[in-house]
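Chain nomenclature is as follows: A, B, C, D, E and F, assigned in order of appearance, with residue numbering initiated at 1 for each chain independently.
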Amino acid sequence: MFVPRKILEEKLRNMLAEDVGQGDVTTALTVPANGTAEAEVIAEEAGIIAGIEEAKILLESLGLKVEIMISDGEKVKAKTVLMKIFGDTRTILSVERTLLNIVSRMSGIATITSNLIRKIRKARLKTTVACTRKVAPGLLYFDKKAVLIGGGDTHRLHLDDMILIKDNHIAVVGSVKKAIEKVRKGASFSKKIEVEVTRVKDVVAAARARADVIMLDNFSPVQIEKAIESLKKQGLFGKVSLEASGGITAENILAYASKGIDIVSLGDVTQSAKALDVSLEITNIKKKG
Amino acid sequence: MFVPRKILEEKLRNMLAEDVGQGDVTTALTVPANGTAEAEVIAEEAGIIAGIEEAKILLESLGLKVEIMISDGEKVKAKTVLMKIFGDTRTILSVERTLLNIVSRMSGIATITSNLIRKIRKARLKTTVACTRKVAPGLLYFDKKAVLIGGGDTHRLHLDDMILIKDNHIAVVGSVKKAIEKVRKGASFSKKIEVEVTRVKDVVAAARARADVIMLDNFSPVQIEKAIESLKKQGLFGKVSLEASGGITAENILAYASKGIDIVSLGDVTQSAKALDVSLEITNIKKKG
Amino acid sequence: MFVPRKILEEKLRNMLAEDVGQGDVTTALTVPANGTAEAEVIAEEAGIIAGIEEAKILLESLGLKVEIMISDGEKVKAKTVLMKIFGDTRTILSVERTLLNIVSRMSGIATITSNLIRKIRKARLKTTVACTRKVAPGLLYFDKKAVLIGGGDTHRLHLDDMILIKDNHIAVVGSVKKAIEKVRKGASFSKKIEVEVTRVKDVVAAARARADVIMLDNFSPVQIEKAIESLKKQGLFGKVSLEASGGITAENILAYASKGIDIVSLGDVTQSAKALDVSLEITNIKKKG
Amino acid sequence: MFVPRKILEEKLRNMLAEDVGQGDVTTALTVPANGTAEAEVIAEEAGIIAGIEEAKILLESLGLKVEIMISDGEKVKAKTVLMKIFGDTRTILSVERTLLNIVSRMSGIATITSNLIRKIRKARLKTTVACTRKVAPGLLYFDKKAVLIGGGDTHRLHLDDMILIKDNHIAVVGSVKKAIEKVRKGASFSKKIEVEVTRVKDVVAAARARADVIMLDNFSPVQIEKAIESLKKQGLFGKVSLEASGGITAENILAYASKGIDIVSLGDVTQSAKALDVSLEITNIKKKG
Amino acid sequence: MFVPRKILEEKLRNMLAEDVGQGDVTTALTVPANGTAEAEVIAEEAGIIAGIEEAKILLESLGLKVEIMISDGEKVKAKTVLMKIFGDTRTILSVERTLLNIVSRMSGIATITSNLIRKIRKARLKTTVACTRKVAPGLLYFDKKAVLIGGGDTHRLHLDDMILIKDNHIAVVGSVKKAIEKVRKGASFSKKIEVEVTRVKDVVAAARARADVIMLDNFSPVQIEKAIESLKKQGLFGKVSLEASGGITAENILAYASKGIDIVSLGDVTQSAKALDVSLEITNIKKKG
Amino acid sequence: MFVPRKILEEKLRNMLAEDVGQGDVTTALTVPANGTAEAEVIAEEAGIIAGIEEAKILLESLGLKVEIMISDGEKVKAKTVLMKIFGDTRTILSVERTLLNIVSRMSGIATITSNLIRKIRKARLKTTVACTRKVAPGLLYFDKKAVLIGGGDTHRLHLDDMILIKDNHIAVVGSVKKAIEKVRKGASFSKKIEVEVTRVKDVVAAARARADVIMLDNFSPVQIEKAIESLKKQGLFGKVSLEASGGITAENILAYASKGIDIVSLGDVTQSAKALDVSLEITNIKKKG
């Protein structure tokens, strides 16, 4: 998910512009123009840090200098300085909240993702942990990038990515088999085809129709076992990737992961992650000159 | 926070455009053009609903018809149908995720806000519950609106709103007193002036300098008591609004609210709210004609 | 009204882009690529200068160097050099008109605002001179900023700022008293509440209902006197700010200001200000190399 | 200057969006959702009306109905109703100021333009009155359109329009003659070529080099006479259009127009026009249902 | 590639806005406001039609009515009427060129794509014909959609689609094998992996490393044969998709397609397609009323 | 057509942003962050080069360094290095395709334009070769600029440029004569007036009505001869510019040009030009540090 920084800059600046409105009236009244300051961005609690690249791009695009102490993906203890900022005091104070909102949200997502993966790896499982498209509206890039930094899989980036045939698509076409056949005929060779199934018997149908990935939607761990047995009986196990989705949480994720499926996906990592507490402190202020 | 719908439409459509990318390839391959369908948006869990107005505007701007069953601010049980949608099947399926992301996030924020307020009212307190500018970056309007629907106070909408002198501004000017005086001289008559203080003695200084609101930042309940006592001694209590902020959670909010302050503010309601589980189900599909 | 320069840059560049259209055909045909020049921006008439910060940001964003001779808010005589510009000749010539339009308009507004204030201060009055939202459409920031530079008050920056209950709002609610009560119940603690009244008796009603500011709309100086007397009788004078608005001009402003009100506001400073005559002269041209 | 309305809509809505900010807080608190109202837009003073088409497009794009009483270009007396508006009360109140700003500014420009032309026609002269590119920054379309409605000539619409060789271009090339020759060689056949001259002798040089239009910049009426005489001597009078520009005002315009030149141009009509006083009054309010 | 029409509308209107500039001056001067007309869009030459959906969306978004005679993908003879348009005459004339440019370009691309496919099918081959990302800059959606309508494969829609490891990526990593391994470790499960190879021996390496698709870049038909033989020897033929790319034209495409590869891709279909000649004729004009 | 580079930057970056989508996933997985590389852009075939200025602006705006070897308008042999690029490897690889698409398209257009002109000059004719508004939708600036670089005339840049009365406009007004008269009365003095005629007799009518340019639409060479004879008879030849348009190709262009008309215009140069084959090769890669 490499994006040339100038393109990111515009997205980031729109976030800032919304918060600035017609101008930071408090800073204009208290801070003289053209003074400079140094500031530190500090993680107030432990976690996996994300959003550092975005923060740097935003700050530098505003003419500030940035010294990075902690890179995206690093694990930090509470009270760790993430970066130092140097430059125009008014600009630092005006961008403070937008900056922190970005780093807080992305680090919160990276932290919860990383925690889930650690749990799975501790159980000596290789299951992939993926997010979904359940993101804060408008923040697809940022939420997916944070999952990636936390060690997770980004899943479909948006609707033009992998084909993902869901229940409603199947309802239109008539059956899992027909839906896969129809898609295979029309889809670009460059796309994988995933299909969402809600019944054990459709898992076999999907595998026979040569889906690349099958999403077991809202299957209980027991149902997953049954589905895998059925596939084994038909000699289809291992020929298709299996994803479990729906109702998976930090509490029950091992019950799912341990059943032999390839991917578990959760909306919570992007949709209900607790933001990491991050703050900015001015450490040195120089008035003009 | 009334915004003419055409202006909201553009924000909402940008969210959708990001998710659509170069096009919904799955829907294009499985759903015939020009077919119509009916769908329901369902709250899978209980909560306070928000985002209905935004959902309606987004859907109608895409040419879909919408029948609203539940309005913004209503409390619902699990499995409640929030709205029915009628129109082009491809459009419904392409907008599904963006639509749900909006309603889920806003309802999650409204629900947690409402829960906090209920707790306070049950204790027969009138304390205002406010959010902060700690929002998902770019979602200031949506997050603040959801707080409002949940019964909370939106606090400053952005940096051009009320003057809010924070620690870093005070550091530049030199003291709470000087900062308020400087601001009062330069600020528009139309603005209230709030000042953030970190020590009990600054509370009195701020009240004497005639701040409109004093934010007690990271004060413990005990410190708040002391601050209020000091104000009473000086005959200043009741002449200035008091806001407690920092470290306030659902668990300890009553300890703060019960001390006699006017406003408690929390970043968590917008920054760490669990999304409400909301889904869309196609209930009827008509092929073309 | 501090706005990080990168955000201003985009607004300024959109103004330039409109004027450039598909390209400056004259400059392309007469001026060789990559030549450099020096130019001066000159105030052809006396006035208070504004728009210098905006000019600098626009020019520097185009890769030009700028030496500022006169800062925003300074008073100049006719024929004063405001700034010197160095850099690509084609760029200087293409931006000339947009640059001058910005400085001319903002300086014109600052000059008329400053003149009004001088008149009031000469009469030893402290009355605040405020503008309104009667600006050139789309130029809210620029027009308000120019008023500020001229020493005036920016009043509401836009519709999400201070609550301002106007005649039409009162018509909907039923009475001044009801309107204020309704607003006080729902408004954020962070907002002041102003109410527009058209009759003397409503002034007292508004003050009793604890409006923060009362706008006396289209009151004659005599009516203002009566309103103030009524407030004094009720012991309410001095407990609420009073703003006179409507029909106020440079000619009659003292008649209003001398009555003891706090603020006079005029649409004319932003809506009918004469632009200051400002020109750009190339002082030195170097061809390529 | 016909622009399909959907394109105008976007420009107009951006103006509105700036004023709305995060939302009209006053209207949200005082006016119930979904109520409807009728309103009138009234010219409080006499003048030539402009901006009606833009107002209609803006209002209709917000879902309001509009009944036009006065069309662009019509002359009205004070207190004339220009249009009636029907629809959502909240929307009407939120758009009021933006709407009035557009009609006020454009009508002000149309009125001053029309007055100048009437003066010239009364003197039985056919001289064209043109504006320049001295507009409110970002309002090129609106200011030029208002001039057109007032009976004036729009002159160059922007920098990609007619070739206009100005003093600084001539300084680069070396002489009026060389500049015209250089341009004639490179310019598209579709462009007219105008050249700005500051000395009488350059008028003849420009005419000989076959400029299509010659701009006599800051010529006094006496100098204009001399220039025309020179052209007549050379048999060049009538073979090139002559434009007088610089220092022309309502007071001295006849002195210029009467000399036999074809076009007089003034920055003041767009840059220093007094806005026409226009207001909006709610005439009928219906609550929901 | 289904895109909700409101999102397409914005892209289409930006195209129109560029052409309109400050307004259609010719139409404004010759065509009275509010007149209506009927017009036909006619294919002047035979071909496969594309761009009809986009044309319809653009026209309807401008308030015009459209009657579609020919749908996207249909083959037409010269002089076929594609659609009829009804509505505001000025709008029809202003949108004419933008409309025709869209339909001409897309139909030209669809026609050449379709011709290539017919050639291949006539030879009783099933080879897929794909385009590349060699499009007119900014027209990714439109060019790819036209290929799809012509029966071709859209290949990667943009850089966030399928992984495509090209020569320069391999140069960084060191070898085809290492590159595929590195990518497989980091890539989302949702992505296919394609690798571009320039030597026969790398084809086998790529197949062994389990690439999903191998792009044989600038292979001659003979080299392709050799590559396929090598794969067959290793028992790898049929386990990976093969794409031939580079130097393929309408003339030599059968030589490539007949070798047993799965996909041939060409830049020419999007980058050098001859536009189909399409015109608009006014068939009926009604003046106002 | 000089456009300040910052304005071009935004157009160019939008092209890149479309291709990048949610990010270049391949480059992110294969190329380490912060490595640098050198690359060459190479013309694989002979032609006239265009798009170099645009390429430089795009690359430099992304923080890359560029060394230009070949300037816009130069003629090159196959395998010529056009420019060298230095900087962040990931950025170079992500921008590669957008960069090449711009240079390929613009060089293709410049080359075909230049070839036509060479043909005409070889025949010792001075006829101007002009393009039309038949461009790739949205690429007006780029396509017209490429024609200019190839030595052609840009014709109208968009609809606010020269008045061009076409058949449909004449149909509305009633006759060529009336249309020209109507336009002359209303048009700005700054505009030339061109009229499109389809019959020989209208040529004389148009000349008599003092059109500046007459477009002979779809006239055969024989008809052109007749038209010119008629003009000569009336003493009107040489007093109006003549443009031939419609059905003109590289094959028949001399037959048109040799008849004595001033301008020939063709849609093909912008609408059906073959892109020039241009490639980018990494010549040196340095990993981080």
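Quick note on the criterion: a residue touches a chain if its C-beta (ideal position, glycine included) is under 8 Å from a C-beta of that chain, and two chains touch if they have at least 3 such contacts.
As the structure is a prediction and not an experimental result, all values here were calculated from the model.
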Keeping to the contact definition above, tell me which chains border both chain A and chain D. B, C, E, F
Which neighbours do chain B and chain E have in common? A, C, D, F
Need the most distant chain from chain C, centre defined as the mean of C-alpha atoms. E
Looking at where chain A touches chain B, is over half of the residue numbers used by both copies, so same, or under half, so different? same
Sort out for me whether C-F or B-F is joined by the greater number of C-beta contact pairs. C-F
Among the chain pairs A-D, A-B or B-D, which one reproduces the interface of B-E, with more than half of its contact pairs identical by residue number? B-D
Using mean CA coordinates as chain centres, what's the chain C-chain E distance in Å? 51
Once you find the CA centre of chain B and the CA centre of chain C, what distance in Å lies between them? 32
Cα centroid separation between chain A and chain F, in whole Å? 44
With centres defined as the mean C-alpha position, give me the chain C-chain D separation in Å. 22
The positions of chain A in contact with two or more other chains are 1, 20-25, 27-28, 31, 94, 140-141, 157-158, 160-161, 188, 191
Chain touch graph shape: choose line, ring, star, complete or other and state it. complete
Could you please specify the touching residues of chain E with respect to chain A in the complex? 1, 128, 130, 153-158, 160-162, 188-192, 194, 213, 241, 243, 262-263
Touching residues (chain side chain F, partner chain C) in the complex: 1-7, 10, 140-141, 144-145, 157-158, 160
In their shared complex, at which residues does chain F touch chain B? 21-22
Touching chain E in the complex: which residues of chain F? 14-15, 18-32, 35, 89, 93-94, 96-98, 100-102, 104-105, 108, 133-142, 157-161, 163-166, 168-173, 179, 182-183, 186-188, 191, 267-268, 271-275, 281-282, 285
What does chain D use to touch chain B in their complex? 13, 16-17, 20-25, 27-28, 31, 61-63, 90-91, 94-95
